[in-house]
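One chain, chain A, links the two complexes that follow: it is found with chain B in the first and with chain C in the second.
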Partner chain A sequence: MKKSVGILGIFGLLVTIVLITAILEPSFTTPYNIQNTIRWTSLFGIISIGAAFVIITGGIDLSVGSVVGLVGVLLPMLLVKLGWSIPLALLAVLVVSLAIGLLHGLLITKMRLQPFVVTLCGLLFYRGFARWLTGDQTQGFGNSFDGLRQIAIGRIPITDSFGIPMPFVVLVVLAILAGIFLNYTIWGRYLLALGRNEEAARYSGINTERMIIVAYVIGALTAGIGGILFSLDVNSVQPAVHGNFYELYAIAAAVLGGCSLRGGEGTILGVIIGAAVMRVLYNAINILGIPTQLEFAIIGAVILLGVMADELVKRINEKRKRMEMQAASESV
Partner chain B sequence: MFRKIFFILVLAVASYTVAGCAGESTSEEKITVGYVTNGISDFWVIAEKGAQDGADSMGVNVTVQMPPEGTSDQKRMIQDLLARGIDGIAVSPIDPANQGDILNEIARNTRYITHDSDAPDTDREVYIGMDNYTAGRMCGKLVKEALPDGGEVMIFVGRLGQLNADQRRQGVIDELLDRSFDPERRDPNAGPIVGDKYTILDTRTDQFDFARAKSQAEDAIAKYPEMDAMVGLFGYNPPKCLEAVKEAGKEGQIKIIAFDEEDDTLQGIKDGLMQGTIVQNPYRYGFESVRVLSSLARGDESVIPANKFIDIPARSITAENVDEFWTELKALRGE
Partner chain C sequence: MAASTHPILDVKGITKRFPGVTALSNVDLALYPGEVLAVIGENGAGKSTLMKILAGVQMQDEGEILVNGEPTLIDSCRKATSLGISLIHQELNLSDNLSVGANIYLGREPRQYGFIDNQKIRKDAQGLLEQVGLQISSDALVSTLSIGQQQLVEIAKALSTNAQVLIMDEPTSSLSTGETERLFEVVRDLKMRGVSIIYISHRLAEVSALADRVLVLRDGENAGQLNRHEIKHDAMVQLMVGRDVSKYYARKPHPIGDVVLEVRDLITPAWPHHQLNFKIHRGEIVGISGLVGAGRTELLRVLFGVDQALGGDILIRGHPAHIQTPEDAINLGLALVPEERKEKGLIIDMTVRENIGLAGVWRHRIGLGALNRKKESSDTDEMVEQLRIKTPHADQVVRYLSGGNQQKVVLGKWLTMQPTVLLMDEPTRGIDIGAKEEVYKLMESLARDGMAILFVSSELEEILGMSDRALIMHEGRITGELERDVLTEETVMLLATGGSGMTNGR
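Let's look at the complex of A and B:
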């Protein structure tokens, strides 16, 4: 019950932004624009799912943007410069991101380092490594690999002018898997439990260390998948800036979507709606012709208002519940 | 234990550096100059090659620094170079109007010149580069060739407020509106500018985020489906415009006019999907900067012309000369 209220708040915010923009500027609702916005939402939604898993354990992953950057330069390097086959190159970059997640998880659980420190160092290291690897030169697929690029820029045609962007399909598959994992498997319940109270979870026999490692692996893996799609989408990847700040977008989407930074709370659908709010805002700012310089100010303000409204709704609900319970106990 | 290892490491590094310095100073005090860019891109990689070749031909060392994070990074890099006692620095200032302090700090400590983008109000000894306003007007001429009957144009650029971006943009606008030649003129940064034949719908900036550059091109197509042309003022902008135009299926309907020599841009011109591009000569920027700085360091002041401007003129590349230019470029890149 509490969960659905959380989603309702953020969903309301999304609908409000969409309606206001559509009324002010009809070109917002053209199939072309909707298609683009869905594609960007999907790309950011994918990395946000992983960020949510980490946040649910009460941790944080600041290395997402740098992993997106590293994978983004590795993929074109392996394919174009080294001439690896597509499956091998994809497998290689996924293994790299998996290894990164495993490393984070091990450092945090076995060496008891703080997640903030571990992933902050990751943010710096992977960025620096990607820049060194490429000598700061832009990596790209050129005019080749059009077939592979379809998983990022392709679409499943519905009408002449509208199709479902391929990244959305990837997002839906990942979201369903993540949703099942979080809500319908025992490991998902463990994750939520340890996020609420790690000690209590450990004393009740949950292998909390293993679960935390799993969360960081999922986080890095989705960052890797996102990294693949981002690089295929933009085609040219600048090692120094590609993916910069994406960890903050992912964290913002997760928090907007109802994940508590204290851990133990969060839904996959909420996170995706959170990512959608961010992308629709970016899109609306351009479509409405608001000066780009105001971009961050508007996004910051709207997110803050959204979170404030959400908190108010939660409090009113709790108050009502308490009063109902009080009334019930009095009538007994 | 940890402390011990750390101490040994520090000792090793220190002795290595000392040995390195000693080794050099025995041969002769070799001149070292600094070459500071305004960011990181392929453009600067070519300039770096020019700077290295310049250093080889002059018998000096050059340290090339590319600041990834804007003005604060650039300042830090300049200060680090000064701390090393460098013999001269060439800078492409990111924000000349507000970087006066750090730029004049170079002038107080060593020889200071600008390249690529000028800071005329500081104590630089010479500016090496093209006149960005003239280049902007050349770009405007390409727009006119693409749209002889007039039309609606959108401008995309990484960042406004740095002189080269502002001047290029102004050059394009002034040419399209058939205004007089005045590099000092400034139109407001956002919103439409309407002329008799041509309208500049808006100027969007992306802070060098490629993904955002692409999404802004898409948003522009969504907002102005009848738009006639897109102008990309920084090298990576035009390929992102082309991606967006291709995905929207508007090839040919929306003309693209470019700056710089990205491979995708040159390919776009070859394929007839882009009208043309205005190219600078980053190799010469690097080469000339190092040549001038090392001459100054040796006390040769004759390298500075009276007007304090060494012109490396821009060129207009269209379908006619793209092949020839590309071959020349590949040779420079060592491909």
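Let's look at the complex of A and C:
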């Protein structure tokens, strides 16, 4: 019950922003704009799911944007410059992502380094590596991979002017898998438990280190999948900036969606709605003609307000619960 | 002496409620100048809460406190300090990385031109250290001191605030015999100088040696008090427990079976130079007694795979067991109810159901790794009923349960795993007397059904009352092994404080 209340809050925020923007500027509701917003929401939603898994363990992954950047340059290089086949190139970049996640997880659990430090170094390293690899030259697919690019820019037509963007399909599939993993498997239970209290989880026989590694692998893999889609979407990947700040968007979406940085809390649906709030807000700023210099300020303020409201609701719930228990104990 | 003067501290009708439990109910306490008042009672009797109220850490819900006859609201620690009331916590609150002098004046540093006046600190601190009989430099780092010395530094710190009332919460729980003696001298000396002392202890022998008067709390209420000439062990226990002790610890003799757990030359990381040897049998309850820091908890941690043994063997039913992680231990039929319930025993923000199911998640999985919610629910219902866990429903978050019910959730989690050996670290710490009795009854019935129980306790009464056999530890060694018929407070204390090795073990 508590979980659904949390989601309702963020969903309410999303609806409010959508309504206000739609009323102030009717062009917000054009099929093209809606389609586009859904596409971007989906792309960010995908990387936010992974960020949420890491945050649920009580950790943080700051390397998401750089992984998006690295994968973004690797894929066109492998396909265009080295002429690898599409399945092989996709497999290769996913393996690279997986290896990155594994490395993070091992450093954090076996070496006992702090997640912030490990992934901050990752952020710097993968970005630098991507720039060196490409000599800072913009990478792209040219016109020869339009078929592959459909998974990022394609859509399933519903009407003449509106279709469901392909990234949304990818997002839905990933979200369902993530939701099942988190809520219906033993490993999801392990993650939620160790996120709340790693020590108690260990005392209950859970291999907490293994599960933390799994979370970082999931985080890096979704960053890799996101990286593939972002790269195919833009078709001209600048190694120095592609994916910059995306880790912060992902973390913000997760936090807005009800994840606590203390760990142990969060729902997949909430995180996706969180990503949607970010994108709709961004879109609203553009479409309403608000100076784009204010973009970060507005997004920052909304996140802060959202988190504050969430905290207040939690406190009220807590108080009510305590009163209930007191009443119950006195009537016994 | 005491009757002729007015009380320096007069507490009237204090009541304090927490969610789910009334910690104190209409409690009175009077403290006279220059007396040592011992406050005793079992875990959960309300001693700590009462002291926290006096020290301004918490506020009472009802009742009043008179300081020197004046009704006074003690609403902060600062206020308590300014009234001359100082609390020395059981867990010492010194900063390891700072010097003794810096610790004494922490937060009240004398200043000159805005900078800390280290010269003054040094001079004043040295005087205070002399008062408590410590021959160390005030520049010494706290991390270089023994626990006993740190305890005395805490007292010096209290004296630096001109404390007239000194509250000491279990000051000797980690002290050696020599250090305890030293502390007693300081307490007697302070008393001569008119300082009043509230002394909280589980060690009844200490109370007899030191106290002018004893106040007994039971279940958050005044259970009675004893004047100097009435302070006798049996009288204190009678008041603390409130009924016949032998009935309270529901032990009935039953047959003891084969060895299920054997430890040979086991070396724990805490005491790398000592080897431990003992055996535990089916259906047997074995208590481990000793001072805090004697290596008891560390032993349980190694047995349960939280820490790795540095050497030696653990045999379960005669077979060598390789225990590297708690996972291994659980698979071999071990379970551990840890001392820190909220930190290690429970995921406090998860529900009763999720907590009880947690250890069995893997064992009861469906297929590759699907969560078996049905089994989890049925196990929970069974445990809630069997252990009489008081919770509105199985999906209540554990945080909102009382300490006793939380402990039952921990026990429930392990009972669903049907362990052969149950390890318990301070099984009744911080739970009320009713729940305590239930835990004892449960231990008895589990043992009767063949479970072997190894428990650590700092409460002597519990060791004496529950053990078929007791192991007594001192500084990393098992200094004695006592069968039930020779288990007495004196023999245990002698062995626990490093007295000559004696044993009647097999």
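Just so we're on the same page, the second predicted complex is superposed on the first by the 323 of 332 C-alpha atoms of A that agree within 3 Å, B and C clash if a C-alpha of one lies under 4 Å from a C-alpha of the other, contacts with A are read in each partner's own complex, and residues count from 1 in each chain.
The working rule: a contact is a pair of C-beta atoms (placed from the backbone, for glycine too) under 8 Å apart; a residue touches a chain by one contact, two chains touch by 3 or more.
Just so it is clear, the model here is predicted, and its values are computed rather than measured.
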Q.
Do chain B and chain C fit side by side on chain A in the superposed arrangement, or is it a clash?
A. fit
**Q.** Partner chain in contact with A:138 - chain B first, chain C second, else both or neither
**A.** first
**Q.** Touched partner set for A:76, first chain B, second chain C, both or neither
**A.** neither
Q.
Here's one for you: vertex at chain A, rays to chain B and chain C, all C-alpha centres; what's the angle to the nearest 10 degrees?
A. 130
(Q) Looking at A:258, would you say it contacts chain B, chain C, both, or neither? Reply first, second, both or neither. (A) neither
Q.
Between chain B and chain C, whom does A:50 touch in the aligned arrangement: first, second, both, or neither?
A. neither
Q.
Minimum CA distance, chain B versus chain C, superposed model, integer angstrom?
A. 25
(Q) Taking the touch rule as given, give the residues of chain B at its contact with chain A in the complex, in rising order. (A) 40-42, 44-45, 66, 68, 189-191, 202, 204-206, 208-212, 214-216, 218-225, 236, 239-240, 243, 247-248, 262-264, 267
(Q) Quick check: in the complex, which residue numbers of chain A touch chain C? (A) 183-190, 192-193, 196-197, 199-207, 264, 321-322, 324-326, 328-329, 332
Q.
Could you list, by residue number, the parts of chain C that touch chain A in their complex?
A. 17, 19-21, 304, 306, 325-327, 329-331, 336, 338, 343-350, 354, 358-359, 361-362, 365, 369-371, 390, 392, 397, 400, 402, 413
Q | Touching residues (chain side chain A, partner chain B) in the complex | A | 25, 27-28, 30, 32-33, 36, 40, 131, 135-138, 140, 142-143, 153, 230, 233-242, 244, 282-283, 286-287, 289, 291-293
